[in-house]
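Attaching a single structure in structure tokens format; questions to follow.
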Amino acid sequence: MAATDNPILRVDGLQMRFGGLTALDNVSFTAGEGEVTAVIGPNGAGKTTLFNCITGMYRASAGRVSFAGQDISGFAPHRVARAGMARTFQNLALFPGLNVRDNLLVGAYRHGASGLIEGAVLGPRARREQAAAEDRAAEILEFLGIPELAEAMPGELPYGRQKQVEFGRVLMQDARMILLDEPMAGMSRPEKTLMVALIRNVRHRYGVSFLVVEHDMPVIMDISDHIVVLDFGRKIADGPPAKVQQDPAVIAAYLGSEEAGQAVFAGAA
Amino acid sequence: MALNGTPAADTPLLEVRTLSVAYGRKAVALNAVNLTVPKAGVVALLGANGAGKTTLIRTVSGLIRLHNGAITGGEVLLEGKSIAGLSADRIVRLGMGQVPEGRLVFKNLTVEENLQVGGAILPRATLAERLDAVYDLFPRLAERKDQAAGLMSGGEQQMLALGRALAASPRVLLIDELSLGLAPLIVGAIYQQLKKIREHFGTALLIVEQNARLALGICDYAYVLERGEIVLAGPAELVAASERMHESYLGARAERQAAAG
Amino acid sequence: FESPQDGVYEDRIDWGVTGDMSGPAAGSQHPWVKGFQSRMHLVNEKGGINGRQINVLAEDTRYDAPSERIAYEKFASQTPVLGMSGMGNSSAQTALVPMINRLKVPVVGTYTTAKASVEPTNPLIYGGFCGFKQMAQVGVGHFANSLKLDKPKVATVHLDVASGVEFNGYMDEAVKKLGGTNVSIPIKVVAADATPQVLALLDAKPDFVAIHGVATTSLLVLKAMQQYGVDVPSFAITYLGTPSVYQSVGEAAGKNYHFVSCFTPASAASPEAAADLIAQAEKDGHGALQDDINFVAGWVVAGLVAEAITEAGEEPTREKLVEILNDGFELPASGLSSKLVYTSKDHEGLKVLQPIGYDYATKKFKSFGDYADFEQYVN
Amino acid sequence: MTSVSTSRTAMPIDEFAPSAPARQKAAARPLRWLWLAVAAAVLVYLPFVLHDRAILGYRLSNIQLLNVGLAQLNLTLIAVLGAVSLNYLTGCAGLVSIGHAAFFAVGAMAAAATGAQLGLPFLVSLVAALIAGAAAGVLAGLPSLRVRGLYFVLSTMALHFIVVFAFSEYQYAAFDVFGISYPQPAIGPFALDSALKWYFFLLPIVVLCCLACNYSLKHREGRALLAVRDNEQAASSSGIDVRVLRLKAFAFSSAIASLAGALQAYYLTTVSTELYSLNLAISFIAMIIIGGMGSIAGGVVGALVWLLLPSVLTGFAGELGAAGGGLAKIFVEHRPQVVNLIFGSLVAVLLIFAPGGIVGAARKLTKLVRPGAEA
Amino acid sequence: MLVQFLLTGLALGSIYGLVALGFAVIYKAERVFNFAQGILMVCGAYLAYTATTQLGLPFPVAVIVIIAAAALLGIVIQFLFIRPLSGQPLLPVIMITIALSIILKALIEILYGVQPKPLATSLPTGVLILGDVRLSQLNLTAAVVSWVCMGVFFAFFRFTKAGLLMRATADSHEAAILSGVNVNRINAGAWAIGTILAVIGGVFLGQIQLASTELEHIGLLALPAVVIGGLQSIPGAIVGGILVGVIEQLASGYISPKARDVFIYIPLLIMLLVRPWGLFGNRELGRV
């Protein structure tokens, strides 16, 4: 299994309880460097919770997370980000009061060091960082094919575009690993296709690793090297797409077998 | 472009006539849209992001003003009577249910309370019966009766939103992006439930869906919206078979490309 | 003759008034401004002063120091006035003293007198209200005398703000002079109840009580005293001399409650002395205010101003006005106030006070004699 | 509006386009300088107009000058500092505070301790006020680590009452009941002893503070602040330490407010605890709402409107009342109340019809008039 | 003495609690932090003045008139000021309630003048003597009324459909509309209730003191009361009010009246840091 050869992320016995509910129950897996790892599972299985525990949004009840050789268990979100991990959110998380370019610029935060006062007095370092970040943002907007939207406010954009902007902000972080929570929900098929291409591209150029939650099975089968399946907070399968797809437990819990599954699977390559 | 065939001609349940809608002063979101939902019919509204699907739903349900939009032309008829000027809650009480985009549940209320609010327009006696029917459709909701809705997962909230709309026993149900964020199994199951809803309750459905294939699988009739205009309309099979549909929405070609690249 | 930079024109003289007309002290300062304006209406109706109408420019300063500052500078140069009256916030007044010395607009008839305005005597500032010191002296003197107390035990309920602390200081002084003791009992401006204060009173067992505050303070203290059966006489500072307190505490608690004042409410004054005031108040729609001590005070101060302007002659200027006032100026007791004296060393003005009570049967105020009878207590 | 079209030509997926960044430069540069020069000229000439009550020798009536005087202008400048700093905190950092008057009190206390008690020079006590304000700001910001929204608002209200209590204890213990008196401020040999001198001392301070706030928002941490306001979670997952940044913003904002408090105390020569009422704090909130939240210009405009409007209204009410008539009688009788009534209604109308404040409304207008142009 | 302080604090605090309860109802329904609650209380005192002194109505009639007028006032306010701002963030809504209080205060001063008015109603004004402890019957009546109101509203929100709809509307405006709820009517109802409660408190306070716009500041004490009790909690408002009343008595009695605010706001601060949702409130639900 490729993932374990060269893991960038190692999740070990992760557990998360909310009152009486165990949202994550002793989940362990690894994600390989430069690979796309998918997390799938029925609604409420704990996928978002898993993301939240890894990125420090929630403090796990038990278990460890190590990233790029560093133990990041219990890190606050910003420290996780600074360690080189970036994420998007299930229900979109943009800064509605900032235009698209500024949204992207926030992504460059971790590469700078200048403070409030330095900015206030136009200190040289602040200006330098600003210029560098702006150049980078322009590049990324170009890359996403939306340079003309730099001045637009995110609220004016359609949902799919907003998702792209969020992705752009994540790219600004130059992270080693990117966590995407349902990046393609609400997108049309051609847009999904473009998004898939984007993910591929980023991964190949920069060797960025991805951890992706997505319900669109064709897409998942298409892009992932490795799939982790959760159900009721427990890991029920873990392996390459072809194998997971055949796994009876997965079919029973998630994919379904009869017409329902067919409808969804009709587009699979 | 209209493909052959129109829905049943006798007074349709819901009819949208040359409807135009704009946000703010200039942002035209819908342009002279015509659409019909027959009694107990299932109609799908397809289209890319930003095509105006949500706008259409909001206009029909009267919520558009809450989102700073305004009707600039045309009318909306429910059983032949214009409802364009009515307040959204009036429209709901006239029998129009809605499952909005992005799961608007009452986060601080329990599942049960959410459903009770949904059915608040019903008399007390029928309400209990109706709630049982909803729980039958979604056993997961029955399990979580007393949980606060805000703590449920995305998919569970989606079910709740659907359940809440059904609790009011609407004659026509507007559903915006039902499959968004739902696991395939659940999507499949819910679509099965939609069929049941129509059969059991005779509820007409207007379904907005990104997943064209899924929607075409259950609807009688489909409309395709592009940049605020209907560009394709016709019976489901015909729409599904059309060249344009294949190119843009069912994505056969694009997918093959992606797979190759 | 015209002197626009001093607010004197062919046909009118501009005169400034500041007061809290919509802020926390409006309950007492608003009637004062109204009294001032009413008196000037009367002056104007009688032909003004030397052919000039008096034009009152009233600024609402909301008990706020910056507003007071802005208003003063306005009066100095923006809409220049010959002089001004009012200024009812002692902190603002303290803050303004340097500005007054620089801009030299005389303040004739202050509503309250801050220490910094009178020590040392300032040629530009003239008191127009009874001083806290005299209130304490007359109140203590009168009660000690009429209750035949040797070493009076006194309790002073006062607000925990600047003027309250000051008043309590004067009470200490006045009581100590008689060899008695004074207990300070602070209370808040915004209070819903005076139970803690009255329990402290129960503890102190005073022979009589002095009250400093706003109308509500008196009311709460009196009601609580009644509730806890503290039956001792009390007196309040001048500002509290409004009928509403008496009316709402009722006779049982109100008959033993007095206030000390250098002004006489219309109903306690002789009919002839009060006739003008009552007629004019009715005319201006202030009938309800005629018995309010603050209205009377404003009325009296406007009279003082009119008299000073008259004496300044055909060609009044700020300088001339100051000269007149600073050089030994007297107004005899009018029936509505005690006599007013300014000397170059003393600008306090109204120094003699009398205790005043309320007669529930006639719904009128009553005074306990003549101002002259109480002169003995003041020094 | 760009909408997704199905026949889109493919974006350069396989190619990064390292084209030169199209950073927008203001096309109308010279015009902008011209505007700036005009604004500067007006600001410099304005105090002379108010002082002489005339423009170029042509006398103006009080109403023509909107019943505004120089002292009022100076106090307004100080209030601008308060409003701008609150807008930085509330509009930009998203921390709603009704404790802003407390920082004015902190500044006044710091100035009292250094200037009035220790006799240190004026400028030194201003610096002391800045430092004390920053320190108090950090303390006041601590609850922001725990609570959000309304709960935080209430913690600032608690702060207000606690600081005011401290102020009055300090005042009564170290000074007298009438207030704290400040020495005559002077910069070296130059005494600030007239309204004109004060104006030219205050103006650059205010301009610099506004610029500083504005610039900080256009750079790394300032922008991060806006991000935190808009979406805390997304901000923290971009590497922003939300807690520390909030405290920094608090310190920055309250340092300016505290400076303003010290300046106000010196300007008024004596201040007392009653000055720092909840109403003062509320008036700062009103200013930023009226002007427009989240922009520095909003703070400036709001302070001008809030402080100058009542005086203008009072001026006109006076004129109207003099005109006579039935309604005019109410005007004369209840002028302060009528002014308050009109004023409160104006605020309400603004809130209802221009939720972005005056600045927001102006921006919308310019967008309508010149599409594509940003104000 | 301690017992006396405690009991007086309890009785007085019940009035704060009553005002706080009105505050909590409005907050619960519409998420509006109503700074005008204090001036609404003042309106109560003046309404009572008009009804009893100016119109000379018999007390029971006056009570009905006052309550009807209060409900109308609340509905009008909601219609004119609050409805247009629905969906706006925290601060503009706080601000419009402040603007509202400026407007109401000015109107009252124009209509009634700035001098306080004595208020005389037929509420019992005597003294109840229990051993060493003396309690004003007025305060006791107020306490009883507050407790009754608390019980009524607790039941209302818990067990009635209108209560459920009110909670739902508070949660999500849009979702409530989509459920066929006439949210305008619900919100107007909440304002009517909130105003009635403030007005009742105002009648009591006006009677204890004078009808005066300065009563507004006492209304401000309802703010810490609701927070300590829990912003949306019905019993919390009353208990918070009582706590504030007791603290006020103890601080004024044993330390100094000046320290009162500090002793009220420091516990508030501690409460915010330790248990921000208050003694009786619920945690706001939130998840990423």
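When the chains are written out, they are named A, B, C, D and E in that same order, and each has its own residue count from 1.
Just so we're on the same page, a residue touches a chain if its C-beta (ideal position, glycine included) is under 8 Å from a C-beta of that chain, and two chains touch if they have at least 3 such contacts.
What you see is a predicted model; the values in this text were computed from it and never measured.
The highest number of C-beta contact pairs joins the chains A-D. Farthest from subunit B, judged by the mean position of CA atoms in each chain, is C. Centre-to-centre spacing of subunit A and subunit E amounts to 48 Å, using the average Cα coordinate of each chain. Averaging C-alpha coordinates per chain places the centre of subunit C 36 Å away from that of subunit E. Centre to centre, using the average C-alpha position, subunit D and subunit E are separated by 32 Å. Subunit A and subunit D have Cα centroids lying 41 Å from one another.
Across the assembly, subunit D contributes 1, 3-4, 6, 233, 337, 340 as residues in contact with two or more other chains.
Among the residues of subunit B, those in touch with two or more other chains are 27, 48-50, 151, 248-249.
Residue positions of subunit E touching 2 or more other chains: 105-106, 109, 114, 220, 258, 288. Of all residues in subunit D, only 51, 53, 62, 65, 67, 69-72, 75, 172, 176-179, 181, 195, 264, 268-272, 274-275, 311, 314, 318, 333, 335-337, 339-340 touch subunit C in the complex they form.
Contact residues of subunit B toward subunit E in the complex are 61, 63, 66, 87-90, 92-93, 98, 100, 104-109, 113-114, 116-118, 120-121, 148, 150-151, 164-165, 168.
On the side of subunit D, the complex with subunit E involves touching residues 90, 96, 143, 146-147, 149-155, 157-159, 161-162, 164-165, 168, 233, 278, 282, 285-286, 289, 293, 330, 334, 337-338, 340-341, 343-345, 347-348, 351-352, 355. Considering their complex, residues 33, 81, 84-85, 88, 90-92, 94-96, 98-103, 105-107, 109-110, 114, 220, 223-224, 227, 231, 258-259, 261-262, 264-266, 268-269, 272-273, 276, 288 of subunit E touch subunit D. Partner subunit A is touched in their complex by these residues of subunit D: 1-4, 6, 8, 10-14, 16-19, 21-24, 212-213, 215-227, 229-231, 233-242, 248-249, 252, 294, 374.
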